[in-house]
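Next come two complexes, and both contain chain A; in the first it sits with chain B, in the second with chain C.
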Partner chain A sequence: MEAIRRSIDLSYSFIVDLSMDQIRIDLTSSIVRVFLTLKVENTGASQASDVLLAFPPTEAEHLAIVKASTAEGKRKRKTYVPLSVNPTELPDAPNGARLFSISLRNPLKTGEAAVLEVLYIVTHCLEPFPVEISQSETQFVYYHDSATLLSPYHVMEQITYIKTPNNKVESYTRVDPTNRAGTELRYGLYHDLPPYSYSPIIVHFENNNPFAVVEELVREVEISHWGNLQVREHYKLKHAGARHKGVFSRVEYQSRPSISGVSSFKHLLARLPPRVHSVYYRDEIGNISSSHLRLGSQKSELEIEPRYPLFGGWKATFVIGYGLPLQDFLFESPDGRHYLNFSFGCPLLETVVDELTIKVVLPEGSKNPSSAVPFPVNQQLEVYYDFSPISMLAEPLMLVSAVFLFFIACIAYLHIDLSIRKS
Partner chain B sequence: MAPKPISSPVPVAWYPSLAVLMLSIGLVVTASFFIYEATSSRRNRSLSKEITTGAVASVFLGFGSLFLLLATGVYV
Partner chain C sequence: MGVKAENGVKPTTLASPSSSPFPSLKTLKLKTKQRELLIRVSALAFIYVLAFAVRLFSVLRYESMIHEFDPYFNYRTTLFLTNNGFYEFWNWFDAESWYPLGRIIGGTLFPGLMVTAALIYRALRFLTFAVHIREVCVLTAPFFASNTTLVAYFFGKEIWDAGAGLAAAALIAICPGYISRSVAGSYDNEGVAIFALLLTFYLFVKAVNTGSLAWGLASAFGYFYMVSAWGGYVFIINLVPLYVLVLLITGRYSMRLYVAYNCMYILGMLLAMQIRFVGFQHVQSGEHMAALGVFFLMQVFYFVDWVKYILNDPKLFHSFLRITLTSAISVGVLALGVGTATGYISPWTGRFYSLLDPTYAKDHIPIIASVSEHQPTAWSSFMFDFHVLLFLFPAGLYFCFKRLSDAAIFIVMYGLTSMYFAGVMVRLILVAAPAVCLISSIGLSATIKNLTTLIQTKSKAAQTFSSKGISSLKASAKASFDQALPFQQNVAIALLVGAFYLLSRYAIHCIWVTSEAYSSPSIVLAARSAHGGRVIFDDYREAYFWIRQNTPSDAKVMSWWDYGYQITAMGNRTVIVDNNTWNNTHIATVGRAMSSYEDEAYEIMQSLDVDYVLVVFGGVTGYSSDDINKFLWMVRIGGGVFPVIREPDYLVNGEYRVDKGAAPKMLNCLMYKLSYYRFGELTTEYGKPTGYDRARGVEIGNKDIKLEYLEEAYTTSNWIIRIYKVKPPKNRCDITFQDLVRIVSRDAKEVVHFANL
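Here is the complex of A and B:
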């Protein structure tokens, strides 16, 4: 044990041990959310300014967000302060584990402990099994993970809770001590785990939540300085759960909704900014009238219902468009440039987007565009450009000159003498 | 330090009223232009009066049609 400790000592200048961590894995929707509560203690010689998190390579490829925060204040005045998380490289990480480093606000001195809360979201990691189901069957998925947290540090105590959407768990790997109570599966309490310890587990459970995946999303934002921001979004939606096999019987689907098509979905909810107007929902055939828009003061909700319910492997393509007031999104920065502050992500809730393209159309007469895109996603996209207000006169001057040309033509016609006889 | 939001130079709520007002003035001036053309004889016409009336009418008609486009939602 001493020998292993010392080799790790050489690559880090400090050691941080995890004295107690609690992992809560939420499998109740189609996207997996993991909440970690880590109590870190510095047992090395020097100060620790960041804490490392490790992920196995398959999970790291599908990571959507990693967020960390620490609690400050006591009891009622507890506030959570976000910490920045950045990917790092470490030369001796085994088996291609990917590392992220959380920067602490105050460096941890020797002997000190701190509590960190980490949230990370993984997409595309619930594997449907059986791969194909018929209309009247329910959907079961595999969840692959490890009973112990993959960590570059020595872990003294650890417990993992897995929450499934309902009681139907077909099977789960037992890594003692393991217990299951209703919708909660507990792995732990484990003591004294060496760094990078990994015990793979598989949980096979029923999950009928909508597995909506947007394969490709193209968003066009058109800025008009006369007061409007027009957004047009082209979606290619797919149901990424267990594929549908056999026939689709509409009679059975409508007459027994609790048995037939439980894993399919009919509705999708999109969250739009508050003062939205002129919302439309179309596809290549034409307008789709099955939608509801609820306007509010904080946000607006658009509930769309595609022309047919989506079963496993089925796709739908549609366009959603809406207009927004300009003053909510376009600002003038102190150095005179205009900048657009717009949310980057997809407005559909509980959906995963595989490919996202954003196009911003700047008004005529803009110069020097540049953009700042912060990652991870769900942040604001900022586009900067120079625009002088005189350029706005381009449009009315075009119209004025067109009409004036018409009047000049009238005058010219009336002055030209086309008669052959002298009058 | 709070960034200043940018909005249209003309309040958006005025667009329909401005459109109607400017188009009606423009059409009245156009009418006066054609009445002048019809009533005056070829010798009494003054080119400067025709051109100024035409210019004023085209300015009002141009801006009026711009506000008409904006009021209907075609944000040019």
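Here is the complex of A and C:
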């Protein structure tokens, strides 16, 4: 322990202690959301401008997003100010722990304290067990984590809450003090934890939420300067929960929906931008006739239903396409270039996307494309390009000239006598 | 009405402006000719657009999708062609169908449709239209239907006059008999083939009329296209020689006919041999022998004609004629006899027989008889598909006989023969449709022309009466048909109004039929709900997509052959049998498996490596064309090859039932079990017992069905498609201890026995 402490001392000229740390882990869906409340106190000699977060490598692999914010103002005027989070390296973090540093707005002076709120989301970390279930069984999953926070700092006090979707918890590791009340598991209060302390826990509980995973998503965004932004999204969807085993009985599924196939899902909700139009939902073999679109001024909601309910391990591919008014997404920068500002993410709610490809199709005649992807924090994509409005007229002119030529040819044919001999 | 008074007064006012500008009459005449051209071209353009637009009902009602069964195969092959190029397509061996035999696709299909669609697709891509190949395939049939109207116009013009041509184009544009197979999405050979058929006939008639080698060549190419597109080319290769024969017999032999037929036959035959599926059939198959025989007869005729010209002596010529004719006929018969006896010339196929004799298929080829579109046509479907044309058809025939020409004889023969075939098979109404439209258009055009000339001559007569007096009235009245009839003009107007009324009824009927009856893709079923809303049953695609996504990619699916093409195209899985019914034994094996007990069927399925079994079941929705209703055909086809399957075992007193009174074999065969598995627990209709089959309106007889070798893998939301997984064979170590003891002791006995030897 001493050696580790020293290594941190070497790389950072200050010491931060976490005086009070609260972890709230939300396991009520297929995605794990962790809320950390950190009270950071600088006990070192010099100023501290960064706070480090550590993740075990297994968790870091599946880390989707890390957000940090700090509260400013008091009581009712309290506002949360987002802070930037960036991955960093520490030469000898134990067992390959990955580190992220949160840049504080105002560096902490010696003896000062600050409260940070951190949210991070981890995907693919609920492991179904049993791996295969039949139609009448419910789905149980394992969740692996540590009762204590993995942290490069000395932790004074720490408590962990784990929220499960219902009170069917098969088993959980006890790290005293541990207690369970209803859907909540509480680990702690723990005192005086040394840096990088890790006490593994396993929670085995029922989770029947849709484990919808988009294995591959290709989004095509096509810009037409005639006023339309066409979006096509190709999905490869999979139920990543416990695999379905044995028979699928339709009679069970339709007559006893509460106990049959509870871990399967048949609806998905996509949240599309407002003023969306010409929405379609189809796959390789044609239109899928089961979808509902609700248009609103803030957002549009598209409820899609795959052709069949998805049980564990079943797959479905489909395409969603829609048009959007161009002026909502295309802007002109001060230097006269056009830029598209479009969301990067997947419109499906509660869904994990493993691989995402985004293609932006610029109109014919555009030049010097460049893109700005402020990753990983911001989710907006910006594409800059030059475009002269005259190129817009190229295609209509081609059409007009083709029709014109056709008429010319007709006139010529009627007026020219091509026969060799006079009849 | 006071016609006479009107006649007396009106012309005086009318006559003065038309008679005064005499010098500009010539230019006026030219202008009317131009105006006529303009009207004709714009009418044709409208007909062209109409023919296309009326076929888009299916896209509007449903979606842009491929319909029915065979089009899915065509679509799949077109996709292959556009992805892999022509040579790969030509040499394509498809292992995904007819497992484990496979199918040589390139050598067993008519590639015309696929190549046409692929060319259109390439052309559009070249013009930078980023269309999907599916859209091209969906719209191929309407596009060719539009082109057919143009051909019909020129054909009508060739046979009769431009008016008849226009009428033919208009009639054929909306004729239900033709629309039924050429709506958008009906991507089948017929969509292109009817165009090719009519084009070939038109070009041939044109060649006969002109005697031009160029038209003969064009008709040979038209024939080539037809051969590449559809097996119905056999109709051409038999009708044309028959027509030539009739012309020869009626003494209408001419040099024009000689040039046209020889050019068309020889070149057409050589070109047709380039299609792998046809190959040498033109010289080896009995169905093509008529054309060959007529070809030789033609040469004999020419030779005889030449000798007659040389000899210039009737007596000598007669004896010569006798000798040549007898020798020619005997040589021909001998050649045919030897060819047939040695097997060089194959005999007529069953399909050909079944065309000539409507009862043949029922007795000999159940697989042809089982298809609903191969049934003899009912009168009602003639009415449904032709409507007023049925009455115009005889009228047209009358006019054709009245003004007999080479072309008129052709269309009469085409009309009569195709009408016969249309009576034999429902689907051949399609072939008759162009002929019926053309002949009707002649009847229509001639009638209306006569009526209008009656009206015109009457008014002209009235004009001349007012201006020149009684003497000229008599002269002009001679021109009109019968002056004796009173109210002639009124009757003519009334008849004209009647004709237009009939035609408008025809148009209304056609549009109604197209939108209501012929636009359903049959993959997606639509029904009206109790509240009047539209309910869509998309179970077929649900099941096929499930297969595509959730079964191993090398899985083999067994189903009745109707669904083979769809499973390979939409489900992307290997099938045992499909709609290309080339191997009757294989289909019979599947039929036998479906009609056996589960354990026997399991052995058959194991031998065919079947992983999944798919059945179509309409008991929940009341969908009547399901597998239980097709089951007797499976029994018949299976029993045709495997005598263990006997139809009476499935019937009770000759009656086919699925309820409690059904035959025990019926209640326990695989098809029954798979269709009704766990159906007995379901209440389908309020106030009816559980397990009430809505398609047949009975409560099923076996509600407690246990499956031993199969398990339910998926059933669609409306139960229309049920998919079962074939369980792997039981592990051999699973045998009980007693079994083991018995086997060991038996082996020991055998050992002892061997030892004694």
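Quick notes
We adopt the following convention: the second predicted complex is superposed on the first by the 402 of 423 C-alpha atoms of A that agree within 3 Å, B and C clash if a C-alpha of one lies under 4 Å from a C-alpha of the other, contacts with A are read in each partner's own complex, and residues count from 1 in each chain.
Going forward, a residue touches a chain if its C-beta (ideal position, glycine included) is under 8 Å from a C-beta of that chain, and two chains touch if they have at least 3 such contacts.
Since the model is a prediction, treat every value here as computed from it, not as a measurement.
Touch criterion not met for A:Val81: it reaches neither chain B nor chain C. When the shared chain is aligned, chain B comes close enough to touch A:Asp328, but chain C does not.
Using the contact criterion defined above for the overlaid structures, shared-chain residue A:Val373 touches neither chain B nor chain C, since it reaches no partner.
Of the two partner chains placed by superposition, only chain C is touched by A:Asp283; chain B is not. Touch counts on chain A: comparing chain C and chain B, the chain ahead is B. After overlaying the two complexes on the shared chain, residue contacts for A:Gly246 are found with chain C alone; chain B is out of touch. Within the superposed three-chain model, A:Trp314 lies in touch with chain C and out of touch with chain B [touch as defined at top]. By the touch rule above, chain A contacts chain B in their complex via residues 222, 224-228, 230, 278, 323, 325-328, 330-334, 338-339, 389, 392, 395-397, 399-404, 406-408, 410-411, 414-415.
Partner chain C is touched in their complex by these residues of chain A: 246-251, 254-255, 283-290, 307-308, 313-317.
Partner chain A is touched in their complex by these residues of chain B: 1, 3-10, 12, 33, 37, 45, 47, 50-51, 54-55, 57-59, 61-63, 65-66, 70, 73, 75-76. Contacts from chain C toward chain A in the complex involve residues 63, 65, 524, 536, 538, 541-542, 544-546, 548-550, 570, 678-679, 681-682, 711-717, 719.
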